[in-house]
Amino acid sequence: MSTLLILAPVGFPLLAAGGCAVFGWNRVTAWLGAAAAAGLLAAAIGLAVTGPGAALWGLLRADALSAYMLIVIGVVALLAMSASPAYLAAELAAGHTWPRAMRRYGVLTQAFVAAMALAVLSSSLGMLWVAVEATTIVTAFLVGHRHTREATEAAWKYVVICSVGIALALLGIVLVHYAAAHVGVASLDWTTLSQHAGRLDPGVMRIAVVLLVLGFGTKAGLAPLHAWLPDAHSQAPAPVSALMSGVLLSVAFYAILRVKVIADAALGTGFTRLLLVIVALASLVVTALLLLAQRDYKRLLAYSSIEHMGLIALGTAIGGTLALAAVLLHILGHGLGKSVLFLSAGHLHQAVGSSRIHAVRGLAARAPLLAGAFALGLLALLGLPPFSLFASELGIARAGFSAGLGWVIAPAFVLVLVIAAALGRHARDMLLGPASPAGAIPMPRSVAAALIAGLAACAVLGVTAGPLNTLLRTAAAIAGALP
Amino acid sequence: MTETMFTLPPSLYVPLLDLACGAFLLTGMMVLWRRDLAAIVRLFALQGIALAALIVVLGVYEQDVELVAVGLGVGALRAGLLPYLMRRALIAGGAGREVRPVVNVATSLLVAAVLAMLAYAVAQPLIRLSPTPATQAVPIALTVLLVGFFVLVTRRRALSQVVGFLLMDNAITMTAFLTTSGVPLVVELGISMDVLLAVLVFQVLTTRMRAAFGGTDLDELRELHD
Amino acid sequence: MNLVGTLFCTALAICALSALAGLATPTRLRLPLAGLGTAGAGALGTAAGLAALLGESWSAWLPELLPLAGVRLAIDPLAGLFLAVTGVVALCAAIYGIGYSRDGLDGRVVQAAAPLFVAAMLLVPAAASVSTFLVAWELMAITSLLLVVADHRHRSAVGEAGLWYGVMTHLGFVAILAGLLAFAAGAGGESFDQLRQAELSPALRGTVFLATVVGFASKAGIVPLHVWLPRAHPEAPSQISALMSAAMVNMGVYGIVRVGLDLLHGGPVWWWMVVLIAGAISALYGILQAAVSADLKRLLGHSTTENMGLVLIGVGAAGLFAAWGNAVLAALALTAALLHVVNHAGFKTLLFLAAGSVQRATGTRDLDQLGGLRTRMPYTTGLFAVGALCASALPPGNAFVSEWLLLQSLIHALPTSGVVGAVTMPLAVGVIALSAGLAVATFVKAFGIGFLAKPRGPEAARAAESPPAMLGGMALAACCCLVLALAPTAILPVLSHAVAVALPGPGAVTGEVSLHLAGISSVISPLLIAVALGVAVAGTLALTRVVATRRVRRAARLWDCGGGPMSARMEYTATSFAEPLQRVFDNVLAPESDVDVTPVKESAYLVESVRFRAKVPDRIERRLYEPVLSVLTFVGRGARHLATGSVHRYLAYGFWALTGALIMLAVFQ
Amino acid sequence: MGAVLQVVLVAVGSPLLVGMMRQVRARLEGRAGAGIGQPWRDLRKLVRKEPIAPDGTGWVFRAAPLLLAGTVLVVAAVVPLVSTTSPLDEVADLFAVVALLALGSVALALGALDTSTAFGGMGASREMIVLALVEPTILLSVFALSVRVGTTNLGTIVTSAVADPLAVISPASLLAAAALAIVTIAETGRIPVDNPSTHLELTMIHEAMVLEYAGPDLALIEWASAMRLSVLLGLLTSLFAPWGIATGNAGLLALLLAAVVVIAKVALLGALLAAGEVFMAKLRLFRIPELLAGSFLMALLAVAASFFLA
């Protein structure tokens, strides 16, 4: 049972991918992705309920943290995949895509989801690396889906920068392996490593941690190797952007969470904390600077992802159960909010034909539902109640002040304020004002349902986490465990 | 089974190791120097051979058949398949030259010297942990890693960037073998697969780039900006 | 759950239901359902607040809500006071809103957000932990933001106002967050009970106080954080303006009292000097801006800044007296401040609602275009007059009573307060006096120009009286004002319970008809003043009736200097009314004028037309905010060079970061 | 008892005071003058005229004179002129008195605005500015006077001045007296702030406001203005020269004596004021703030003196 549950999150998407590969993209297979995501979610919930387990000779292992990440993947994938059929239909109608590309889209998105599921289920650092690199390769073609100059450019930058980053992480893994081998543990398995983490050589581990944080940080969209993100997210098809921004970044960050457990045991909490604080503040500064005079709403959303990964890194730097629970909640909240925003931005882009901010005026009067989703999504991302990002940011801030990191939290929140002001200004320009003569923007029911469901879930989570509370605490305990 | 292996005496092992490492470093540095893309690909292939030789020497010294086999596999991939793929891309696009790198060749070489010093300084803790002839060569791997990164930052042609990336990858593989005789096999396989796929992706993208931009000068890729 | 709890929870539940009704019911049902629901919630909130003021307290702990923190509620008399005020304002505004929203404001967002806004404002004083407080605070901010931008389709200023409001309120939130979380971290727990028992270092206490004061002051519209207020309050729909200006700004005062006096148990002299000086500057600056403003609702917004400034003078004085050990005077000053909060809530509700009626009837808020509403909107005119009387702090208005109490506390502090007090108190009295004088001028202008005389524009000439629901809401507010004005003794004893939460001790004001102060022999009876005034006026009327033999009034032409009938263009406007004042204070206000002379083509000496534009800009905005904004814009433009599109540059970031990190590692091994 | 006497005294005496002041002025200017009783004769004439309702005016216009007179009457009843005890002791607060007088000004200003003429607006605007600028001086003077007594109740302040006559010549008291004197001039519309006998639009304040009033309305306003003048002068004398005022439960004789004394004091002060006006020109409107700022400074110094020199 446990084995099946662990295999299912990887298996369902792969089956769906196979389905798409065999039958092409049609009215039935278009919904395979959503079905697979639902299956994944169900399996993830099952894993969360049944507790830890392992499969495939210990290559895959699920604990509360993996289960939680699987839930995040499942939820966001469900949202993104339910909006996919309508999105692709509109693209097809506009001549931006063609049947072969749609089939490829179907296969690749599912492979993408499978790779992410594999990443959070893998029991070792090496497997995790392989899975994360696999996501890069798969998504490269999704980013370049439209075959335009911009799409190709974005894909190239994405692959080059992420490959470099991930290569640095690989070197870090090699060094961890070296340090581990030296104390007689020739393995990259999480549990084994963390059991022996206290004895790992600090000199080697320091270099390794720097490389791992930089490397996985690249894929997680953290500064300084963040620059691929706005390009890739603005060029990918909206559902893919939602998946990339909503979960891919977090999955990459999941690696840092795992690494931190080992690093803290080997080096004490100070080193990783300092490193993550620097990276987090740098990300926030970059976001604040580039959002001030932003001209493109998709890039705006992408930079906002950098901001949130910065906040997540900040929370991780603080450490402790409260901060890590907040980080995990933030990951889910951000996934929901950001996918809603990318889906609505994609819809908007299809309707307006431009992703320039000044091309959109008076949206609230023109398309209330779309504008409402966009506005509420932005409010959620600005960390306002009732959305769950408020609770998580508050948790991070509380934990930060309790840990004596008030001097970091305060400037971070000032930067968040600048970001909020910039986002507010752009949102004002786009949403408010008299209706433009261009007329209403119709919205397919499936997209509307996805948007509303995402926002509602985010809001409900902000009011009460309900049964997720225990899972959050257990997962946070795993991520913050000290031997 | 082990007794049937040919044993390598330390007097021979260390010079051989150093030779392979030296070749590895030299080819890496030469990439910075040469402008002809075809030559760069050749240099990369040579480096692949040096890497394979290094692994084989290690394997023979440690009397590990598996390691020797891995070494041969690595050689096949990095000196055979990958250069082949690149050469095909090169032929498809017509041979080209790295006309005007972002940082010129002379400066690049000086930077490489500085990077070598840095790599040496950084690698000290690694050597200190277990001072063997193999680990003492780790600074070379790190130098090549940094040089590879530098190539990525300063070279304008798509192919040069691919080579830069692969230099980094070679350096990492070398580090892995120098320090612990490689990561677990499953992982090693996965890594090789990924590298291969990455190169294929690069190749596809290069083709598309050529179609869209009429060339592979990465400076043309400036449409997405703030 | 006791009475307070039941009432409070029912009020919240009704708010939620009203929001649901606003969201889900068809347009025709939406207004009455959501409006009556909100009104009911307001009434229940008032009842809960009054019950709490009378001594019944309630608390609750709901760990399941708000992930990672839980919700902790507690209602004590201090919270009860603010609940009651919010409740009454909500009641009046909601009833008014049923009539007011019919024209274009019956959308789902407005009707659903308004009850939630009320609920959030009820939650803020009831919050008893840092997280709960912050969540309630932000809920209040976001719901009000949605309401401020409700009218964005018609006026571009609305979006601008919303942006200013959003950013400034977020700034305040960050300050409060930092202050309270530092407090909680120092105290080792985040419930208010734990904070009360915390023992912190003086430096941390000072930081906490300063940070929270900045945040709360921004909500209260205190200079120099006031810039959002005169934009957002006027641009919001009028019942929302009333809610914001009469209820929401109070939360800033509540925060300062709760944190500074209750949780931190008061502090050194410099804390309260900061509060007092900020209050004094706001009072003066606010009323000066109001005095020269020609926009009716903007004028009221500036007046809110003034009144909050007066309240902060009281709060600051209370803190000072407490720091000097004069508990009796401290209680008196705080009583005066809180009474002024209540009074201000009363008349500002009334004034904003009446201004809304004018805007609805005429489509303009520009006093220079108004006038002559006395005959067209008699009830609104009368109600506005009541509000204006109260706001100008003249007897028999309600603000007179609270300002009297405030002045008493300041004047009688002198003998005991040392040199600092000897310097501060006279200046504070001078500030209060000048702002009171200017308030008189301001409201004479607002009422005299806006409602009396003849219409100055075609819109004002077409005005018609508001529907009954609106009049009802206003009348209710006016009744509250009158009760407060004539019988402040009815609420002063219960007010002392609220004061005792912050400054334990006996009540400072006693008496049934007249106000007797503890330790001071001054005494006053607002009711008696009103009665005496009534008798005197009646007597005079009787006298004229007796003496004057000819009773029938003859209609006559106005004195036009023989130049033909007067036209509306000859009337004094609000701008001209305020012009002398503007001249007197031109060093402070720095008015700008701009004359364009267009000469005739043939000769440069013959003038074809002259265009004159005068404007009184907000100087603080110009000197403080505009430079920051232009720097930010400049930085934002410059920062685009970070993302030029060059993949080499992007990789170089990583390369330098890596080499930098490696160098660091090599250096600090 | 005392209160009734005061009200009667003020109501009957004020036009006479005005007449007396005009007579003093006339004599000093070398004219014969109309006699002390002239204001009363004017009032009688006005009362007999037909009331007028100018075009477009309404209840505010009609109520303003009544309210003006009402406020002055209340003030006349509570300020200590003849006696320090008042049945309306809860109203006899300095702040309340000041506010009541301000209420009267406001009523008149609103009445003026209601006429919709430019004159009315102009007068109201100027009146309000003077009022706003006068307010700080008054309250600070009150502050200075009440510090030593510990209350703002007028009766108590005056009683304590009677008990301690030397306190009156303290620096604080003198400065406060000077400040209040200027304020009184401003509040009652005398030279150099306003000229009660001008009808030049560039200069007038009070007269501009009452331009549309006629008949009984005008009579009421003139009467109230006169009462305002005498009440303020009386208050000034009671505060700074309280000799002879009846304190406590004084008998009828004492009250009558006190009435005679107060009439004498007010008449003297009025004569001084009138004499001063002869030798002074009216200030430009925009120089008035300077005068009032000066008085504010004096009041502030009075407060400071009462603390630092106490």
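Labels A, B, C and D are assigned to the chains in the order they are written; within every chain, residues are numbered from 1.
As a convention for this text, a contact is a pair of C-beta atoms (placed from the backbone, for glycine too) under 8 Å apart; a residue touches a chain by one contact, two chains touch by 3 or more.
Computed from a prediction, not measured in an experiment: that's the story for all the values here.
Graph distance from chain B to chain D, where chains that touch are one step apart, equals 2. Of all chains shown, C has the CA centroid lying nearest to the centroid of every protein CA atom. Most remote chain with respect to chain A, judged by CA-atom centres, is D.
Counting contacting C-beta pairs between every two chains, the top pair is C-D.
If you average the CA atoms of chain A and of chain B, the two centres end up 31 Å from each other. The mean-CA centres of chain B and chain C are about 69 angstrom from one another, to the nearest whole unit. Averaged C-alpha coordinates put the centre of chain C at 35 Å from the centre of chain D. One inter-chain figure worth recording: chain A and chain C are separated by 42 Å, centre to centre, where each centre is the mean of the chain's CA atoms.
Multi-chain contact residues, meaning those touching two or more other chains, occur in chain A at positions 153, 156-157, 160, 164, 203, 206-207, 230, 290, 293-294. Annotation for chain C: residues 639-640, 642-643, 645, 647, 651, 654, 658, 662, 665, 669 touch two or more other chains. Pairs of chains in mutual contact: A-B, A-C, B-C, C-D. The residues of chain A lying in touch with chain B in their complex are 59, 124, 126-127, 129-130, 133-134, 136-137, 140-141, 144, 147-150, 152-157, 159-160, 163-164, 167, 170-171, 173-175, 177-179, 181-182, 186-188, 201, 203-204, 206-207, 230-231, 234-235, 290, 293-296, 299. For chain B in complex with chain A, the residues that touch the partner chain are 122, 124-126, 128-130, 145, 149, 152, 158, 161, 165, 168-169, 171-172, 175-176, 179-180, 183-184, 186-187, 190-191, 193-194, 197-198, 201-202, 204-205, 208-209, 212-213, 218, 221, 223-224, 226.
Across the complex, chain B meets chain C through its residues 102, 115, 118, 121-122, 124-125, 146, 149-150, 152-154, 156, 161, 218-219, 221-226. Listing the residues of chain C that touch chain B in their complex gives 639-640, 642-648, 651-652, 654-655, 658-659, 662-663, 665-666, 669.
Residues 64-69, 109, 130-131, 134-135, 138-139, 141-142, 149, 152-154, 156, 158-160, 162-163, 166-167, 170-171, 174, 177-178, 181-182, 184-185, 190, 632-633, 635-637, 639-640, 642-643, 645, 647, 649-651, 653-654, 656-658, 661-662, 665, 669 of chain C are the ones touching chain A in the complex.
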